[in-house]
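Structures are listed in the sections that come next.
Each of the next two complexes has chain A plus one other chain: chain B in the first, chain C in the second.
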Partner chain A sequence: MILVIAEQRKGTLNRATWETVAAAQQLSGLTNMPVCVLVAGVNVGPVAKELAAAQVQDVVTVEHPALEPYTPDGFTAALQDAVTQLSASHVLLPHTYQTRDFAPKLAARMDRALLTDVTAIKNASGQIAFVRPMFQGKLTADVVPQGPAPHFVTFQIGAYRVDQAAKDAAPANVRPLSVTIDAAAIREKPEPPFQQAKQAVDLSQAERIVSVGRGIKEQANITLAQQLAEALGAEIAASRPICDAGWLPMERQVGSSGQTVAPKLYLALGISGAIQHLVGMKGSNTVVAINKDADAPIFEIADYGIVGDLFEIVPAIIAAVKA
Partner chain B sequence: MKIAVCIKQVPTREWQPRLNDAKTWIREQDAGFEMNEPDAYALEEALRLKEKHGGEVVVCSAGPARVAQVIREALARGADRAIHVEDDGLASADAFVTSQTLAAAMNDETFDLILTGLQSDDQGFAQVGVILAERLGLPHATIIMEVQIVGDGGSERPPSPLRVKRELEGGWFQWVAMPLPAVLTIQSGINQLRYATLKGIMAAKKKEIRKVAPPSLPSGAVPPKQQIVNLYVPEKAKKTQIIGGSAAEAAKELVRRLRDEARVLS
Partner chain C sequence: MISTQTLVFWLLFLTFVGTFAAQVARRVQLIAAAPNTFSVENVPFRGKRFLRDVVLQVRTIRERPAAGLMHAFVFWGFVAFAGYTAVEFLYGLGIVDLTRTRVFGAYRILLVPFAVAVLVGITFLLIRRAVVRPIALGAHVSAESIVIGLLISALMVTFLLTFVLPEGSSAAHVNWWTHALVILAFLALIPASKHFHLVLSPITVFLKSPELGNLPNLDFEKEQVGLETVKDLGSKMVLDAFTCVECGRCQVNCPAWGAGKELNPKAIVLQTQDALLAGERDRKLGDVYTEKVLWQCTTCGACENQCPVGIEHLPILIGARRGLVSNGDAPAYLGSMYNNLERRRNIWGLGYDQRARFVQAAGLETFDPTKHDVLVWLGCAGSFDADFQKSLRALFDILRARGVTFGVLAKERCNGDPAKRTGNEYMYQELATANIEDLKAAAPKRILTSCPHCVKTIGSDYRKFGYDVEVVHSSVFVEELTRDARARPDGDGAVTFHDPCYLGRYGGRVDEPRALIARFGGEIKEPVRNRDNPYCCGAGGGLLFADKEEEPGSRISDVRFKQLRDTGANTVVTACPFCSIMLKGAQASAGADTQFVDLMTFVKDRL
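== the complex of A and B ==
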């Protein structure tokens, strides 16, 4: 059986779960194994009901007071018990910050393989291979998990689409599964999540964005990017390293740890295109990449590219727009 | 505070990938190497914690002989000594092999705190720190943006003296408290990096690097949990129109296409 671990927080389903359901359905087609979805937490009934719309064998609810709030110790204990009881062959999860926190612990405790950040599943000469980026997206690998089942796999956000998940007219069976957790053994004491500061800049609404990466070289050169943004009527944004260095405020960061954007025009200046950045902007309508490295991964998703020195090209674009 | 920092050596950002003949790994002889960036932030955090609370910082790395370069760099930035688990096979090791190898080498040291980067820029597993915690029987927290240690040790410390700020998605954060010892995976940007001084580079030459052999058969060797069957340059998702010519020509042509073809400029 292929087991999908759903992600929910306080009764709200993380939509990435549907992407993982789509991946599980593809794997089911390749292996002829049924799909089961598991949702763990407290009061997960409504979320389970929502998931029961999926074309899956059943939805399993795992309820325990020690699962709220989330802790890696609590989730590892509960899911080790559940995965063992269900004799899953594969355990599929979305590659979220939460699964990054507990999935390696769960796989290590069960001494089973974990493949992370997977973007596709394929049949490679008779064996199932999982496709994942490596070397910051410069290379792609087909990887086969080793050792006994279950094999754990996390899927990159956006690799499968929510609307790819097949649904059934009749809801799937929802059933509870009881697990044992020693609440006293949970070592992490989490406090409530908070937002650091109210986001003053909402890049998700911007029609055009000029985004800056490491290729800008130094803080003083940010002005050049700002002049281009002004000429294009665009908001300025950046990849993570630029905000880490304090050259632009964190609220202007695009990527998995920043904002997700989908403007009409996304112009990437000196951005190599690490996957953490691409997930935040690949929904953009038209992508322009300007980079000195013709092999930079950003060109894989760009509509228009100029290979060359941005310090020559950007002033020329400003002049061309104003002409 | 006895603090360990696990550091990986990865190909440089400028490196152009070349594959081995079997197309299962890179041609290492063509690559230049540097310290994995998130690990550099973990090292910086360890040095700052030592400056605040005292103790020592021990660099731990699992990899072939070339890894000595980043170990020296870490010692030059201020780490006190190093443990190098040396084996050529560790260059392409998976997260299970790397973390179990490190765990075996670190087990006797009884560290108070173990830091590492949240993931590596080569294979990008984002697993080693968490598996290491599990193998050492320690609690952990991932993607950390701030580290606080409450109390001065001994009886003054509360039961959960470690308080860390986890980054969640979409601009959310969360504080988590836990007992020591513990393992933390550090997010890039948690601090501002320092660079080695000439004095630091000279001092590093006298610092101890303890070489350790990885666990071997038949007792302790760690079998891999994943195998790369094919490694390749990714297929392009979009057909990129590359615009050539001089900077002025290319810029003019780009603006024309953005106006007339893509219709995203007025």
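== the complex of A and C ==
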């Protein structure tokens, strides 16, 4: 049986769980094993009901007062018991922060390896292989787990899509499972969760970025860049001088002293490309630079360079995109 | 039979000398209790410096000619009067009366011009301190300094009166006693005041390291982790704290202070003194100076270099940073830089394939000592910064045009400067020892680099690992190489030159860049703060990465950029990749149209 460990906090399901359900369904298709989803915590009924929409054999709820608030010791104890009781062959988890916190411990406790950050499952000449990145994504490895079950696997966020998870018209069966947790053995005393002042703008997740440099000349011209950003469905960003001048807020600054971004498309308008800026956007897939100075360092790293007046080029691009 | 007068004098003498001795003993004990960091290598250099800075007062006069010269008058007067005071005290104590000898008579007459000079000097200094009140001397007028000044005046007046008052008169008698009592009062006042420098500064100047910013390597085998608490401060640092004369030269020359930051090198020394006298041996240095202040230093060395009494600020500042880093208390921006150094061996966190691409594109060969004259060290900037690579290409063109053969190492890593200056000694030693291994294998006789930080670190700091090689900056190398070149008549006129701290102040190379600029038609408009006392661009000491911490408006780079702009020249010539990055950033933020050109590009375009 393939067991998916759902993640929820105070009755709210972490959407990455659906991604793992999708992965489990693919694995089920390859192995003909049923999928079961486990949700642990206190008052997890509504979350279980939500999960029952999935095309799975059943949803198991594990309720215990020692599971709220979350502690790695509590979860490890509960899940070790549950995995043993259910005799799961595969335990699948989303590669969230919480998973990273307890899953290594759980796997070690059961004397099993943990396959982390998996991006795909494939059938490699009759064997099920889990694909995971190595050397900072420079290589991918096909890993075939050896030895007796259960096998623990975590899935990279975004590797499967939420809408890939198949659902059934009739809800799956929800059943409780009781576990024993020695509350006295829980060593962690969690403090109330808090979030550090979150950046209002998270450019690191943007797929497309239109970035503005000194070449924009005046604050009024920022509008032009904004029009381009709207046309492309892109976020707007800037190099330091623009944010210094207050033409765009500080949180839109890209570079070693601002945000580090890795969009699919980075459009640099009038950015000369000081190294401090370049190190903040070096991970971009495709860099397009528009600058009137053919010697600007930005052209050293640009995939496409346009030497010319951005005030002529940008309106033409906007018109072309809208056409 | 001893006269009552002699007895009274003996009593007074012992009381005041006792007070003096007790205060001195306390400070000597604190120095003795500190870990011994005194060293006296290179005595000839120290002797010369002693002559220049103590006897001739050069460092005191150089920056403040008027006040410095007046101070020199007082100092030379004090020295001249030493014999006089001794003779008068021997007489007063009834030991021996030499006052009637002919030699003493002649000596007295010789002292008259000294006395007049001291009076002129001390009057000038009193007016300066009480009326003019320059900012370097602090916000409040020090009452104790005024008292001391008046006592010095009284000494000179009572001396001169001896020529006027009839011998044996009661007025002469009172005059003698006044003079003697003033000297005794002076003795008792000195040790607890900044005037203790007149006892300590000759020693401190002699003991100051011949090398600016001298930081011995930490010995990890001995579990050294840098300076954590007051008791970790070395004996020279404790001596420094008691020597400080509070003149504020360090303060007014500090670029951080000049940009409105909290760091004030003078405050660092005085806080050390307070903590020592308060017996706070276990107080954390991050608490004594505050961590924020410790991270504001660019390690430009201006404070230490301008100090007339031999204080070394950098070993305290960087030593305390080491203590913080050892405890994991580095600011976040350094954390990511350290990660880059750890994972990618360069400050930018970029892959060395980029360097390889540049090496290939620029047609560089791997260094071979049998084939090449010099090894060119590219550095973090040369390996990755496309902007700086343009100036390196200019350097390569010059070398090729002049028939110099050169090669580069197959592999480089950061020289460790950013780690060393920010107190990450472990990372520094890891990088340095690995580089030294590669350099020893390559065996170059000379290393040529365009980065002053590489010059200082590889050429000077690596000696502490026993690796001694000549590292020469491109400005020096190319100046020598192009001496036969003639200035083009169509020079493009006014430029200004920004001396990099690590070239001008640490390296003392101030003439070569200027000679090159002049040779190739540039007319230098000197900025304020130039040559061996430049105002830092703000990049040093890891502050290159502290951009976010620096509020716009108080950035060191903005202050320096304005100084350069105020010369009226529209072209700034730079000779350091990091100065170039900082100043170009300031220029972009100011929206100015100032042009920047690296010295090598400047030369190549005109050769």
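In the analysis below, the second predicted complex is superposed on the first by the 197 of 323 C-alpha atoms of A that agree within 3 Å, B and C clash if a C-alpha of one lies under 4 Å from a C-alpha of the other, contacts with A are read in each partner's own complex, and residues count from 1 in each chain.
Everything that follows uses one rule, which is that contacts are C-beta pairs under 8 Å (C-beta built on N, C-alpha and C of every residue); 3 or more make two chains touch, one makes a residue touch a chain.
Source: prediction; values computed, not measured.
Novice: Count the residues of chain A touched by chain B and by chain C, then name the partner with the higher count.
Specialist: With both complexes superposed on chain A, more residues of chain A are touched by B.
Novice: Of the partners chain B and chain C, which touch A:V279 in the superposed model: first, second, both, neither?
Specialist: A:V279 sits against chain C, while chain B stays out of touch.
Novice: With the two structures laid over each other on chain A, which partner does A:E312 touch: chain B (first), chain C (second), both, or neither?
Specialist: first
Novice: So, does A:G258 touch the first partner chain B, the second partner chain C, both, or neither?
Specialist: both
Novice: In the overlaid three-chain picture, which partner chain does A:E300 touch, first (chain B) or second (chain C), both, or neither?
Specialist: Touch status of A:E300: both partners.
Novice: Once the two structures are fitted together, what part of chain A is touched by chain B and by chain C alike?
Specialist: Common interface on chain A, chain B vs chain C: 214, 240-241, 244, 256-258, 272, 275, 295, 297, 300-301.
Novice: Under the stated contact criterion, what part of chain A meets chain B in this complex?
Specialist: On the chain A side, the touching residues are 72-73, 96-97, 100-102, 104-105, 107-109, 112-117, 124, 127, 129, 133-147, 187-196, 199, 208, 214, 232, 240-241, 243-244, 246, 251, 256-260, 264-265, 272, 275, 285-289, 293-295, 297, 299-309, 312-313, 315-317, 319-321, 323.
Novice: In the complex, go through chain C and note every residue touching chain A.
Specialist: Touch residues, chain C against chain A: 333, 348-350, 381, 384-388, 390, 544-548, 552, 581, 584-585, 588-589, 591.
Novice: Of all residues in chain B, which touch chain A in the complex?
Specialist: Spelled out, the residues of chain B in touch with chain A are 11, 13-14, 16-17, 19, 26, 95-96, 99, 118, 121-127, 130-131, 133-135, 139-143, 160, 166-179, 187-189, 192, 223-238, 240-243, 247-248, 250-252, 254-255, 257-258, 262, 264-265.
Novice: Mind listing the chain A positions that touch chain C in their complex?
Specialist: My answer: residues 213-214, 239-241, 244-245, 256-258, 272-276, 278-279, 282, 295, 297, 300-301.
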